[in-house]
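This is the structure I have questions about; it appears just below.
By letter and in written order, the chains are A, B, C and D; residue numbering begins at 1 in each of them.
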Amino acid sequence: MRPRPFLPESLEKSAKETKDAYVRNRTDGLVWHRCTYRTLYADTDRSKVVYHANYLRYFEVGRTTLMRDAAYSYRQIEADGYIYPIIKVGIDYYSPLYYDDDMTIYTRPGELERVKLQFDYVITHGETGAIVCRGFTRHCATNSSGKPVGIDEKTLLLWKNFPK
Amino acid sequence: MRPRPFLPESLEKSAKETKDAYVRNRTDGLVWHRCTYRTLYADTDRSKVVYHANYLRYFEVGRTTLMRDAAYSYRQIEADGYIYPIIKVGIDYYSPLYYDDDMTIYTRPGELERVKLQFDYVITHGETGAIVCRGFTRHCATNSSGKPVGIDEKTLLLWKNFPK
Amino acid sequence: MRPRPFLPESLEKSAKETKDAYVRNRTDGLVWHRCTYRTLYADTDRSKVVYHANYLRYFEVGRTTLMRDAAYSYRQIEADGYIYPIIKVGIDYYSPLYYDDDMTIYTRPGELERVKLQFDYVITHGETGAIVCRGFTRHCATNSSGKPVGIDEKTLLLWKNFPK
Amino acid sequence: MRPRPFLPESLEKSAKETKDAYVRNRTDGLVWHRCTYRTLYADTDRSKVVYHANYLRYFEVGRTTLMRDAAYSYRQIEADGYIYPIIKVGIDYYSPLYYDDDMTIYTRPGELERVKLQFDYVITHGETGAIVCRGFTRHCATNSSGKPVGIDEKTLLLWKNFPK
């Protein structure tokens, strides 16, 4: 079953600074953070396409770039004593990426609970715009000893400040 | 939320040949193929546990060992002109694996449709038996040009012959 | 033993187009292609630094970006029926990269023989400029069936046209 | 240039316990530790062979298995407060491994200095015995803060007790 297309449009024509980082998807009406990445030979397997596990790497690129762009880098969050281990992932694959393909990674903060949070992802093909996959990663909040804690203030601000 | 424990028991006391490969989980009553594997330093990340994407590698170990043990290796299936690309994955993570940990990988053929099939997985800690994660990979059947086709006879036999 | 520092300077002040891609290292007098990359959480291991094998991925980033910038992408070269499998690698590690570190990857065409070629690499820390590692990959030329052949014309041009 | 073949023979016919773990290579007269491993789909790339960086994973399998078999596991050595980061690697590739290939990994303690040590590796094809690659990893000894220290007693014993 084909997914609905991802149709990005700039949030504001005048806002030059943010025009590359945030877009609205006309299909679902939601705002997404956008960054680009490129596949490596190392990412492919003998069927000539990117090995399915590597999309979780690309999701990490999206998530970490979003957090850095929002001024609360995950590096800083870990330095502050928090860890956000992944407790659940899901991916639907629609069309493969090949060697040296450009991709666009769309990421947005998803569901937020007291000690859990989710990021949602869409990857599209850099040239055709076709949807490559959709997925999510669900995280819990712990301190550096692995004990569950409430979500830290910086991460909450990321949710609060994400463009609507 | 803690998962129900995985409680393996041998299928038949007399069946020496199969005693390591197939077990019944007393919790769900289902038969699972069993193999073991060990984490590498390469699999861990800076939080000292196995990076979440690497569990998809371990699922591959389970799936490929099951197919080989069942006499229809995936290598042979690709040599016959079939490919089973992954169209969906899901993983629930319960407790992490660390460097040099032994694990037990339980795999079973899951849902089967005309052009799609699913493998289910449970990974437990080699020493404690605690559940590390549960997941699935969903595949479609294609020929070597990527065209959807019916599932090949050997793979259907794997489903048919898997111990009940 | 500490390596001699890498001291990049632009090739020509007026050449805006190439100022980011090519630099001369004042220490060795050689011209190097330059690109940047960033480490992922996935790249690190439990000792908190990048796992040693991943520097070969970064070398691939350098090599493939150099070839693309030089107008003879490796993707195109494989499409033309050539493969350049690696027959030898060597890396000296001087100081580690950590999670979310920016790096600069310097790459240049090294020794060239009739059916073999070499790329040389230096990776420096994005902020400090400290040398992270030096290395090389040595390749032979084959056709798509793996038979040794002479190096293709496009790749020879890359060597010929690389700024002196 | 073809490498000299690796011709393993058991150290002692009567020593059942060690017959799988240690062999003498008739070509070089040296004793090597032996273990086996199998390639994954994840390890291959679009040229259908194992991606060159993954041989460093296989070297890790050899090194870590040797240390565990010698009763001084690297896991324990890190628990004792030592780390052995890699400062240099080199690999010569002779013939590729494909998907689902069995390999034999031969490892031996190489050169030993006051604060540095080396492991040497040979990987052969599981069925044909053909040499896949040869290589080494060179390590320095540090404490858990990364400060250079002398090599710990357990690791020295590994060198001392390795069969001659």
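Just so it is clear, contacts are C-beta pairs under 8 Å (C-beta built on N, C-alpha and C of every residue); 3 or more make two chains touch, one makes a residue touch a chain.
Just so you know, these numbers come straight off a predicted model, no measurement behind them.
Undergrad: Sharing over half of the contact pairs with B-D by residue number is what counts; pick that pair out of A-C, B-C or A-B.
TA: A-C
Undergrad: Going by the average position of its CA atoms, which chain sits the greatest distance from chain C?
TA: Relative to chain C, the chain whose C-alpha centre sits farthest away is B.
Undergrad: Could you please state the distance in Å, as a whole number, between where the Cα atoms of chain C are centred and where those of chain D are centred?
TA: It comes to 27 Å between the two C-alpha centres.
Undergrad: When the C-alpha atoms of chain A and chain D are each averaged to a single point, how far apart are the two points in Å?
TA: 38
Undergrad: Which residues belonging to chain A are in contact with no fewer than two other chains?
TA: Those would be 41-42, 53, 56-57, 99.
Undergrad: If we count contacts the way the header does, which residues on chain D are in touch with chain C in the complex?
TA: That would be residues 47, 49, 52-54, 56-57, 83, 85-93, 96, 137 of chain D.
Undergrad: Note which residues of chain A are touching chain D in the complex, please.
TA: Those residues of chain A that touch chain D are 41-42, 44-46, 48, 51, 53, 98-99.
Undergrad: Within their complex, state which residues of chain A touch chain C.
TA: Chain A reaches chain C through residues 40-42, 56-57, 60-61, 64, 68, 73-75, 78, 99-100.
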